[in-house]
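Listed next: structures, encoded as structure tokens.
Both complexes below contain subunit A, partnered by subunit B and then by subunit C.
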Partner chain A sequence: MKATLADPKILKSSIDAISNMIDEAGVIVSQEGIALRAMDPAHVALVDFKLEKEAFEEYDVNETLTLGIDLDRLNTILKRAGSSDRIELSTSDDGGSLRITIRNSATRRFDLPLIDVGEEELRVPQLEFPAKVEIDPKILSEGIKDAEIFSDHVTLRCDAENLYISARGDLGNVEVKVSREEAVSFEVSEPCRSMFSIEYLKDMIKAGDIATTVRINLGNDIPVKLDFLAPGVSLSFLLAPRVESE
Partner chain B sequence: MGVQLGDLVAAREISFDELAGKRIAIDAFNTLYQFLSIIRQPTGEPLRDSQGRVTSHLSGILYRNANLIEFGVLPVYVFDGEPPKLKSKVIKERNQLREQAKREWERALKEERYEEAWSKAVQSAKLTDAMLSDAKRLLTLLGIPYVEAPAEGEAQAAYMAKRGDVFAAGSQDYDSLLFGSPRLVRNLTISGKRKLPRKKAYVDVKPEIITLDEVLRSLGVSREQLIDIAILIGTDYNPGGVEGIGPKKAYALIKEHGSAERALEAKGIEVDFDVTEIRELFLNHKTTDDYKLEWHPPDKEGVVAFLCGERDFSRERVEKALEKMEKALKVTRAQRSLDSWFK
Partner chain C sequence: MKTWVEKYRPRTLKEVAGNPKAIAALVAWVKEWKLGKPKKRAVLLYGPPGSGKTSAAYALARDLNYDYIELNASDWRTRDVINRIVGSASRFGTLDPEREKKVIILDEVDGIHGRAEYGGLAALKKLIGQSRHPIILIANDPWKLPADFRNLTLMVEFKRINQRTVLRVLKEICRREGIEAEEKVLKIIAANSNGDLRSAINDLQALAEGRRKLSLADVELLTMRDVEIKIFDTLVRILKTESIDRAREAVFDSGEEPDTILKWLAENLPLEYRDPEDLARAYNYLSRADVFHGRILRRQDWGLLSYMVDLMSAGVALAKKRKYPGYTRYQYPKIFAMYAQLRGERQSLDALAEKLQGRKDAHTKIHASKRIIKEQFIPMLVLLMKHNPEMAALAASELELELKEIKLLAGDEKLAGEIYKQAEEITKERMRRLARGDRTKQVSLWEF
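After this line comes the complex of A and B, so read on.
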């Protein structure tokens, strides 16, 4: 296999967002592109990541491979790539490593040994979301940082007119309101709310710079699904809710 | 050590996912001995700091608990108090065995027989008062509760499980079942790759659960009778039990005669221990209600000061483990898992 990215940002930001939650995963490389689907060890978050072959400048894959990757290490390596560098992914000659070649004024070659991961494919729970709101990822990111001032969890709530990002704590409360006009798209069939851990959301929102919008799929005390969509890329996170204490 | 019930009780492998969100009362002595035995260099030398103090137990407490907490398990450690008088014989024997193993270890090292050295070193592991206070200090810094049992730790863990304060007792020994724990989880703190004794091979150890009800039902005995089976095999209170009687024979005898006294009488066997007294120790052991089960985020600075400042641990690794713990603990208590939405 050989796949070259002219713009490393998408891969860098996606792996940065994923690797803090998930230590290792099987990355499926096929003729269609590169895909990763995994849950964190506590089964609180699920990531579904696809980088289609169209996203690559050059994509030469003839068979389907599952590569067991230490995502933490991969993230450390990708962080070494600058924004104008080209990243080439291939397997090492003996097939035991993922080879990451960073090209700019010099050629830097990293071999990351592959690890043993299960081959069974993870299904994604099918959920019905009464609210689907698309906003600028920066609004979500800022809202979460606002909420963090007072709490380690945040409530996401929708009614017919607005999306609310709010938090309550012993030291104060905060509410961020995004009206349907301020949203990129806004579909809410019934009011709903769920509460989530900020720790996880902060990791997920690191993927914000790969897309111009994030779609928030919300329901009542069910997981939230965040979709970051850009041409050739789809990165979705599913996050289980917290139990709201009385 | 404990009772050799392994042949009679059926264990079921259990995944950490199933244990997520569950509180488990772990036998501290049993677990610390495991750490002292397993966490060693190839020569059998335990981990030590620059002043020569053993740190294997601290390494175990930090990294194994970080793993458990990351899986969503909430551990509480139960320390032994005053051992029952009947246990003094076993304690004396164990100390002698350790002393002997220590001498053999030193000899094996000198003669460069490293495999034997390793196994002798493991047998010579001794838990000192300094190690115990180290362990408690580290647990406190990690935000993990511990309980001081008035007598046997296993009895206290069983009591807490019976009351429903914890889901299960955690130990390698089976004694907590005799003390009445509804569930026993084994291999909790030693899961993963584990070296086989006297071999260079490794096995993959997974946690397993034993349910008291299932054990009693499958054997068709009462808890009193299970205790009697144990007494015939030998417990910490009557080491060796009855000569020539192993698990299978003991089970057959209790099935046939109903109790240890009647079995011994029928077989005309004289023993130098008091069956009633031992049975009573298992049925009504001294326990306490004086415990508080609360888990707090680790005191990161405190742990780093202790382990890195005083005991020469790698700061990078310690901080990584602490971050893992802190993050996992935050979600464990109120966080649901996605599993409920997989159909």
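After this line comes the complex of A and C, so read on.
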């Protein structure tokens, strides 16, 4: 296999967002593109990542491979690439490593040994979301940083007119309101709210800079699905909520 | 170190405590030897253990001013030995008459066992017939010996020593050892000994060795250590004898379970048998005895008991090639302490399992039987403690484990302390959240 990215940002940001939650994963390389789907060890978050072959400048894959990758390591390697660098992905000659070649004024070659990952069948929850709101990822990321001032958890709430990002703690409360008009797209069939851990959301919103839009799929005390939308890329996170404990 | 029994062994017949009749008979016999040939060349001293037979024999040799040769139960059967003793005097005459004067002491004569050993008895008869030396035979039970053999000897009976005499000897030893002993304590020892002076002295030494004072407060200790003291005597009797019968009797006389004696022997053999080969042989017999013990327990076949007893007593006694003189400070078997500790651990585990079950409060924790908790959850916790202290701390906080429970699981004091500290932090954090009114919990994706 051999795949070259002219713009490394998509891969860099995506892996940066994913690698904090998920240590290692089986990356499927096929004729369609590169895909990764995995759940974090606590089974709280699920990531579904696809980089279609159109996103690559050059994409030469004839077979389907599963590469077991230490995502943390991969992330540190990718961080070494600058924004004007070209990244080339291939397998090493012996097939035991993922070769990451960073080309600019020099050619830097990294070999990352592949690891064994158990092939776990992931059951993706089938959910109906009463609210689907598309906004600028920056609004979400700022809202979450605001919420963090007062709490470890953030409440996402929708009514017919607005999306609210709020948090309350013993030191104070915060509410960020995004109106129907301020949203890119706003579809809410019924009011709903769920609460989530900021720790997870902070990682997820790192993917914000690959996309111009994030779609927030929300319901009542069910997981939230964040879709980061960009051409040639599909990056979705599913995050289980915090619910009232008895 | 010498045993007090040896240290205070009487030097002359006059010093021998108790049994005045027997002593008088011996004094008379000594006179006969001094005047020439006596009617009987051998005396047979008989009576219960600790009644003074051995002491009298050595005191007699000293009174005669003769050297003595002590022969073991196994010695006199061999032709060589008999020739050496009988032959040397007759064949070579006497260059130095004084040096030729010897007393031959044969202990444990009644320890002769089985047909094969009657040959030994025949040899002994011959020895008595030809000997130019006084022969002293010692036996617990002379009636085991054939009548014609008994008739060759002058039989002198030793009776149990009365308590007052025992008490007097104990007091004298205390005085010479510089031990202040309350009379009551000594009286109890004397009463316990049942007329066996040797065991009384052994008891006293076991109790008083290394002390300055023996007070009434020790009486409690005495009754507590009563078993221990009795077992000391049993051990002495098994480990110091070379007679099959003596060794077996020691077990039968002891009020202790053979199993208990076996564990005492296992603990103390190395203190007594210093020759590794003797030790190896003794342990071999002991292990076989233990095999029989296992069979008895499994099959409830108490008919096998005599095999166990024979192996652990006679087997161990005859495993040695020579006697080991001296006092041995026997030790309390460590295995009993281990049992007690295991029992304690088992009880703590039971209590822990019950706690994890969460029966005591409404907050049910693990919905499983105590057996399942002990078999599956606790081993898991043990592994967690060892390999993943952070997770263990989380579990400890969640299960509200106390420090001693974590210690039990972690098996390491330092590690347990760290886990406990971490668990406390986690609990505090949770309490803080609760106080903040955060009543939410993270659920997993599996729930959808």
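By our rule, the second predicted complex is superposed on the first by the 240 of 246 C-alpha atoms of A that agree within 3 Å, B and C clash if a C-alpha of one lies under 4 Å from a C-alpha of the other, contacts with A are read in each partner's own complex, and residues count from 1 in each chain.
Assume a residue touches a chain if its C-beta (ideal position, glycine included) is under 8 Å from a C-beta of that chain, and two chains touch if they have at least 3 such contacts.
Keep in mind that this is a model prediction, so the values were computed, not measured.
When both complexes are superposed on subunit A, subunit B and subunit C clash. Contact with subunit B, but none with subunit C, is seen for A:P41 once the two complexes are overlaid on the shared chain. Once the two complexes are overlaid on the shared chain, A:L140 sits clear of subunit B and of subunit C alike. By the touch criterion defined above, A:G169 reaches subunit C but does not reach subunit B. By the touch criterion defined above, A:I28 lies against neither subunit B nor subunit C after alignment on the C-alpha atoms of chain A. By the touch criterion stated above, A:A240 is placed in contact with subunit B and with subunit C alike. The superposed model places subunit C right into subunit B at 61-69; the other stretches listed in 7-15, 43-51, 61-69 or 97-105 stay free of clashes. Within subunit A, the residues touched by subunit B in the first complex and by subunit C in the second are 39, 42-46, 123, 125, 127, 152-153, 197, 222-223, 238, 240-243, 245.
Contact residues of subunit A toward subunit C in the complex are 39, 42-46, 123, 125, 127, 151-153, 169-170, 195, 197, 222-223, 238, 240-245.
Only residues 39, 41-46, 123, 125-127, 152-153, 197, 199-200, 222-223, 238, 240-243, 245 of subunit A touch subunit B when the two sit together in their complex.
Interface residues of subunit C facing subunit A in the complex, by the touch rule stated above, are 436-448. Remark: subunit B residues 16-17, 20, 70-72, 327-328, 330-332, 334-343 touch subunit A in the complex.
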